Amino acid sequence: MTNQERTNRKERNIRGLLFGIASVAVTGVVLIILFVFKEGWPVLFKYGPVALFTGKVWQPMTADYGMLPLIVGSTYVTLIALVIGVPLGVGCAVFLAEIASETIGKMIRPAINLLAGIPSVVYGFFGLVLLVPFLRMTVGGLGFSLLAGGIILAIMILPTIISVSEDAIRATPREYKEASLALGANHWQTIYKVLIPAARSGIMAAVVLGMGRAIGETMAVIMITGNTPLIPKSLFEPGATLTGTIGQEWAYASGEHAGALFTVGILLFGLIMIINSIALFLFGKKVES
Amino acid sequence: MDLKVKAQQFNLYYGNFQALKEINMEIFPKTVTALIGPSGCGKSTFLRSLNRMNDLIDTVRIEGRIILDGNNVYDPKTDVVALRKKVGMVFQKPNPFPMSIYDNIAYGPRVHGIKDKLRLNELVERSLIGAALWDEVKDRLQSPALRLSGGQQQRLCIARLLAVEPEVLLMDEPASALDPISTGKIEDLIGELKKNYTIIIVTHNMQQAARISDHLGFFLLGSLVEYGLTEKVMTNPERKETEDYLTGRFG
Amino acid sequence: MRRITKYTQGLAFVLLWVTALITIGFLLLIVFFILKEGLPSVNWEFLTAYPRRMGREGGIFPTIIASLYLTLASLVIATPIGIGAAIYLTEYTREGAGTKIIRFATEILAGVPSIIFGLFGFAFLVTFLKLGFSILSGAITLALMLLPTIIRTAEEAIKSVPNSYREGSLALGATKWVTIAKVVIPAALPGIVTGIILGVGRAIGETAAVWLTVGGALRLPISIMDSARPMTLHLYTLAAEGLSLPRAYATASILIICIWIINTVANLLMARFSLKLRAQFFHGEFEAAFCDKAISGG
């Protein structure tokens, strides 16, 4: 009996230990929220969210923390990334799921994996040495611009969009496709009238996930957008994003300025939470259908 | 004769579904008891009740008692680990671990604290001999168990059991996934094993039950409809359902 | 009419081919452009010499060590936690409120941008816990970032271990923990290792979070409390401050080659053990979560 009690106690202890370990993720999230809010809260409270999020001047020297330029900058680069990345990514996903032979798929997928694995700082560097000079030569100006940031982000979010969309398309029931083909529809009609609509929420989720990645990306945009916190008049002008501003200014910021960067962090965190919730919701829908 | 296992008014529920209904059964030591019946009749569930493998399913609820050597298996004070050591189980599909042949057999003894290399060697050899597998594998004890044929894997699983020195062997259709020759070997083995062990076997195969068992239990819709000496049940069943089943009228 | 639809299909397929070619084109452009400019500068001296004049001259030896040090330290933290959490989620608990919270937290971690991790590490580890800019601060931050990948892959690997192994072991009288430690984990090891390798790739490539927590001292890190500058951050500094373009190209080349090797190893492992974990490459934890639901629901 004592033997059994000892075994039971040991099993209970292991279970407890594992529960503790599994809770680390929860603790981590709580600590992240706690400390980003703790640091960012004073500025948020002092100036108020409305003034901060709609203020047009970001000038820490004069204690102006209007974040609208950064919000506009992040919005622009993200929209550019989606405008370029979504058609390319979804197209590539359809190609992989429906058209490519197994051999071609086997050649392309590792390439996309590599694209996903390349560090963001390398993307930034690539943008800096190739895209920025190219834009400077072709459209003039500095080359450092929201457009350059958006283009590089488009490449960076391609793997996310491709993989998630491809899985969504592959997850559509085989019967749909067979039924459509049996009715005399050709392959392309089947793809765009049956498969893509059926995979809609999965593809939407892919787009939303790509959006989250674009908004959250730091190093690449820091290196090529120019980090100028002014509301841009055109896409060819330099701008600044939420992430880029934190990255650019944290090293020398102090006092209230540092606090303001954490307030930017709160805003960023909130946006990401909203975006990811939408993605989760879309995945939920996909499961139901 | 003393009883080895005794089920008393045993009920088992999966959630709201009653899978076993008032089972009363007496099993004698060093005999082979076969449980037969159509799929879903509860015979496997009953078998898994004897070593509490059903505990792994959360929604299972138990009433009644299963007595093993005078002790209730479902007593809260029962040491499940010791119980499973005493009541070994062979599964429908051979399930050797992805380890060497030697490590598969030595797994149980090691788990129960035997570390001495010589002792382990001896146990491995004795178990493999006991399961009639020694001659086939003695030269490749370190090769992966998964490389053995299906029939060999099943005998390996039996050898793995013997190494923890059980008293009761539960077999859940141990030959259903095997070819006729391997099946024959398993049946011969069961005949050998019953000299030392109490064996309870679930089978779909009536001829097999007739060949190897001393007692026969017929399950239907969760109830033990008929139970007795195999010869008696086979040739002269008391219940109409048993006769219908034996003559192939349903199942 | 038939002819028009046929032309439409032809045109559409050509366009789909073009999207795939453009995607591959981007990769080839980036990889070849950087390797072409960078590889000529990569030599033994570059790899083993210390940088001089802030990196304008000399090699990148300390930054390679810093990258390895950080990666190793973060994995030492994240691996046991990740595997432990995966064991708890798959073997010790039923799906309920508790697991929902843990999974939700894991998903949040997977989605949080690295700069936020950086802010957190800076505020909590560097400043509040007074760990300073150090390998330790960076490793803890990185470990949190790697957790989702390691937990997910380990969970998938553990789930793919046949139940018959568990039954076989339990029926021999082994306890639950012994069964997990001696049968389940060894059988799941290839999948678990794949997750760790993917973690290595992410740790080596990470920049922003590391920047805010490790600082950027350009010297050889010895103690875990030393500040350091990993390769990614060095590349950023070289490029953004215009210190040395050839050295920036060479550093970028080394990073690309590292990632390529890591991906290849992970691919081989996955192909060999036919684990369907492709989503992990894309930080696609949501997708994996979806698969889980689909599987456990079935």
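Brief remarks on what is shown
Letters A, B and C mark the chains as written, and numbering starts fresh at 1 in each.
Note that a residue touches a chain if its C-beta (ideal position, glycine included) is under 8 Å from a C-beta of that chain, and two chains touch if they have at least 3 such contacts.
The model shown is predicted, which means the values in this text are computed figures rather than measured ones.
In this assembly, A is the chain whose CA centroid lies farthest from the centroid of subunit B.
Chain pair with the highest count of contacting C-beta pairs: A-C. Relative to the whole-protein C-alpha centroid, the nearest chain centroid is that of C. In whole angstrom, the spacing between the mean C-alpha positions of subunit B and subunit C is 47. Centre-to-centre spacing of subunit A and subunit C amounts to 16 Å, using the average Cα coordinate of each chain. Mean C-alpha position of subunit A lies 55 Å from that of subunit B.
Contacts with at least two other chains are made by residues 175 of subunit C. Contact of a single residue of subunit A with at least two other chains is seen at positions 7. Shown for subunit B are the residues in touch with two or more other chains, namely 81-82.
By the touch criterion stated above, subunit B contacts subunit A in their complex at residues 77, 79, 81-82. Residues of subunit A touching subunit C in their complex: 7, 10-11, 14-15, 17-19, 21-26, 28-29, 31-32, 35-36, 38-39, 87-89, 91-92, 94-96, 99-100, 108-126, 128-130, 155, 158-160, 162-164, 167, 186-189, 191-192, 205, 209, 212-213, 215-219, 222-223, 243, 246-247, 250, 261-262, 265, 268-269, 272-273, 275-276, 279-280, 283, 286-287.
Considering their complex, residues 94, 162, 164-165, 167-175, 178, 182-183, 186-187 of subunit C touch subunit B. Within the complex formed with subunit B, the residues of subunit A that make contact are 1, 3-4, 7.
Across the interface of their complex, subunit C is touched by residues 51, 53, 56, 58, 81-85, 88-89, 91, 93, 95-99, 107-108, 111-112, 157, 160-161, 164 of subunit B.
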